[in-house]
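Presented sequentially are two complexes of chain A, the first with chain B as partner and the second with chain C.
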Partner chain A sequence: MFKIFRRLWQVNWAEQWQYRANLIMYLLYWLVSPIIYLAVWTSIAQSKGSVNGLTPNDFVTYYMTLLVVDQITSNIVIHTFAYKVQDGSLSGELVRPIHPMLTNALVNNIAFKALTIMGFIPVWIVLFFLYKPDFSSVTFSGILLALPATMMGFLVGFLLSAAITSLAFWTTRVYSIHEFYFALMLLFSGQFVPLTLMPKLIQDIAQYLPFQLLIYYPIQLILGKLSSTQIVQGYVTGITWLVIAILVFNWVWRNGVKRYSAVGA
Partner chain B sequence: MSAETILVEKLSKTYKVPEREGGFGAAVRSFFKRKYNEVKAVQEVNFRLTQGEIVGFLGPNGAGKTTTLKMLSGLLHPTGGKAHVLGFTPWELKPDYLRSMTLVMGQRNRLAWDIPAADSFLLNQAIYRIPEDEYKKTYKELDELLELGPLMKKPVRNLSLGERMKCEIAAGLLHRPRVLFLDEPTIGLDITGQAHIREFLREYNRRTGATILLTSHYMADVTALCERIIIIHHGQLKYDGGINELSRKIAPFKLIGVILAESNSHDLSKYGTLVRNEEDWEKQYIQVKAEDVTRVTSGLLADLPIHDITITDPPIEDVIEQAFNQ
Partner chain C sequence: MNVLKLLSAFLKVNIQMSLAYRADTVVNILLNLMWLGWELLSLGIIFSNTDTIGGWGFGELIALLGVFRLVHTLMIALIWPNTEKFNQSIRDGSMDYTLLQPVNSMFLVTFSRITVWRAWDLILAAILIVIGVNMAGDTTTLLSVLTFILLTVSGTIVIYSLWIVLIALTFWFTKFDNNVTILQALLDAGRYPVTVYPVWLRILVTFIIPIAVATTVPLQALRGDLNLSRVLMFLVIGLASFLVASQVWKRGLKQYSGASS
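Up next is the complex of A and B:
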């Protein structure tokens, strides 16, 4: 199994590398909105001293950590997979004895990240010197706790996106469905603003939803802002969602492939 | 394991195709209520293949060849009947089954487009769990037969159609499948390319004893490779038997194509049946019985100012159409 992943990695890496110019554009697009939020919130906080108790440095550290976490937990599976269902090129992958989504598409996503991170690092360093954030609240144990949480966030996000992508077996409108998912993500993940600034109701809902597992929860872990109860709560929510995501994805995938093979692969 | 490598019984596939007329009104109506048309692509087809056979699977476009191959390779669920290949039910997509067969479609490529084929080969080695020494041995054999060497290091998109087909086929055979489903493996290739692939398939079959079921548009593919032929037309099995009996059954025709040096005012219909050919309007085609070819040709050459003359086999579709569409 390891060998399969290694070879998949080589192929996908080489393929992604062919499109590096594309990737850089994609990356810049990806970075624009968090950087704008960072700039806007920081200047608001600077002019007022603080916003709801959050200092300028709180905003800078939050968004600079978000940039890193988002790099790791986000995925592009909708863009790299849905079209294969629609134009039938998935057929070739279905008759291979490996899972098209859980091997090839997964590795493809990781290769994509590995490549964009190379473009991302210089941007991050520039921001660091521009804003000179104070990361003194970050501890080694916080990072240790955040690592599995970030992986968990990635897996939950990947499986949910994969499940939505697999709706392409039924409908060609899968991109709009994914857009809707993305809008929810923006609202409930803490990407738009730190969740503590959201209305109480949204905060209450958000903690039970999977979205914050991809952004808010790992950030707060890294920045050492969570009590031990909150840490445990986060992990419990994460594992629950991971199980749900596995079940949902499996169900959608199995029935999707059945349908694909019923209507003419 | 049963004696039959491939067993097909009453295999059927009916597609439901959404149907609507053009125009805005129809689009709105179809949004609420869709009309479906049933298309019977394959209807109760039966056949068996034993190990080591090479069988040509023929039929005009839309006859149900590809649909049948897709069912046998597991890509499609049938609407009725059953099929066993190597003892497996294909559409269960069991990894053990997928590891012992291959599906090569001439019009689809499975090799990664932007990188050299060598990388895709190594990936296949991992996917099909081929041990290193076995991989090397198989690759060497394939290289010998197909002369892959110079092609392996170029990105696949820079290969010619024929070169790519060689790589596609080789990639599909690295795991030494015992059953090969080949859909139009020589499509779009020139005569030399076709001959190459054919020779290769014959040799591969001889060396490994693999069972091969192939579809093709080219009669030459089939006559060169297969002793047995299965013909389907409108989804129904029309013929299953030796290729020689088939040629006895369908009157062997040849097409004589003629370009006259002068105007086309001469009446050619006295030499044989005139056939229209949309692709080649310059030439006039006369269909004659194979045994009359020499007589008619020399007659033509003697009587008329011939600028160009060719003698060809009629397209496979026409032959089948004539034989089974009465």
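Up next is the complex of A and C:
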């Protein structure tokens, strides 16, 4: 098994490396929104002193941590997999004795991340010197607690995206469905603004949904903003959603592959 | 050949093409409304925590959202589909046929694909602008409305010209098929007045990838933030960028040697 993963890694790394110019563009695309939100909210916080108890530094540290967390927990499955179902190139992968989504697509995502991180680190350092954030609330134990939570966030996000991508077995409008999922993510994950500034109703719903596991929960863990009950609650929600995501993905995948009749067959 | 006649022919062809995908159009309009809802909600969240951002009020940001959506529509309805077709034609050599037509090639390349249903977005944008301006209660005069319209047009021309330059670069660097991503990436900066951004970002979106010239600037005219010389300057920039772009296009064409040769 290890050998298979190593081989897949080599192939996918080489494939991603070939598109490094595209990756830089993607990185730019992905960096702009958080930096804009950062600018907007720090400007508001500066003019008023604080927003709902959050100081300008709170916003800077929030969005700069968000950049790191989002880099780890996000995925690009929809862009690298859905078309394979549509144009039939998945057939070749299906006859192999390994799971196309849980091996190849997963490793492909990780290779993609490894490459974008190389471009991302210098940008983050530049932002650090531009904004000079005070990260004194970050503790070693906070980071230790956040590591498994971030991994959990990535897995939940990957499996849910994989399940949505697998809807391509049924419909060609899978990209529209994904767009809707993406909007829910914006609303409930804390990507736009720390969830405490959202309307009460959205906050109440958000804590039961998986989206904050990818953004808000790991950030708050790293920044040491959570009480121990909140930490436990977060992990319980996370593990519950991980189980749900595994079951949902498995069900969608199994039934999808049964429906699959490749183009040209 | 009459440009208007050609344009109406393009529109006809594109309407016929989109009629083949009616259900997709309905889905797209629903998604579009969903994003409008999100944009209004996000402005609502911002203004539930503050009264002004960068000196601008809620109404003014609604109007800015309208202007932003105009540029966004330009991007989605014209820039994306035509760039896709153009890149394809450079790769497979079908650009040759475009060049053989007895019409200005720049016009052909930039207007042959139009996502027609996006016209609906222009109406939404206009409604947002009218509502926003009314909510803001700024003293609008006939003159300020006129400069607003002029600057919106000239700002749009600046974006259009930048696009021409970006795709013309493909004549020199054939593999540059990411040519408009940078425009798309920075577009989001147009949602908020550039006055809230730190200096480096403000310079980037005003002078280098001048999204702000088409979004913040027209609204500044409406707010009365711009004096006459500034207004004239932006109009001249609009005109100049178009002239520069068509020169770059012409030179690029000379570089073009066809995909097979």
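Side notes on the structure shown:
Rule of thumb we're sticking to: the second predicted complex is superposed on the first by the 260 of 265 C-alpha atoms of A that agree within 3 Å, B and C clash if a C-alpha of one lies under 4 Å from a C-alpha of the other, contacts with A are read in each partner's own complex, and residues count from 1 in each chain.
Operating definition for what follows: a contact is a pair of C-beta atoms (placed from the backbone, for glycine too) under 8 Å apart; a residue touches a chain by one contact, two chains touch by 3 or more.
Everything numeric in this text was worked out from a predicted model, so none of it was measured.
Shared-chain residue A:6: touches chain B; no touch with chain C.
With both structures placed on the common chain, the touch criterion links A:94 to chain B but leaves chain C unconnected. Once the two complexes are overlaid on the shared chain, A:176 sits against chain C while remaining clear of chain B. Of the two partner chains placed by the overlay, only chain B lies in contact with A:18; chain C stays clear of it. Once chain A of one complex is fitted onto chain A of the other, the partner contacts of A:215 are absent, as it touches neither chain B nor chain C. In the superposition on chain A, no contact is made by A:159 with either chain B or chain C. In the superposed pair of complexes, A:197 makes contact with chain C only, with no contact to chain B. Common to the chain B-facing and chain C-facing surfaces of chain A is no residue whatsoever. Considering their complex, residues 21-22, 25-26, 28-29, 32-33, 35-36, 39-40, 43-44, 47-48, 51-52, 130, 173, 176, 179-180, 183, 186-187, 192-193, 197-199 of chain A touch chain C.
Touching chain A in their complex are the following residues of chain C: 24, 27-28, 31, 34-35, 38, 41-42, 45-46, 48-50, 52-54, 178, 181-182, 184-186, 188-189, 191-192, 196-198, 200-201. Taken together, the chain A residues at the contact with chain B in this complex read 3-4, 6-8, 10-11, 14-15, 18-19, 88-89, 91-98, 257-258, 261-265. Here chain B touches chain A in the complex through residues 15-16, 67, 70, 73-77, 91, 93, 95-96, 98-99, 101-103, 105, 108-110, 112, 114-115, 119-120, 122-123, 125-128, going by the rule given at the top.
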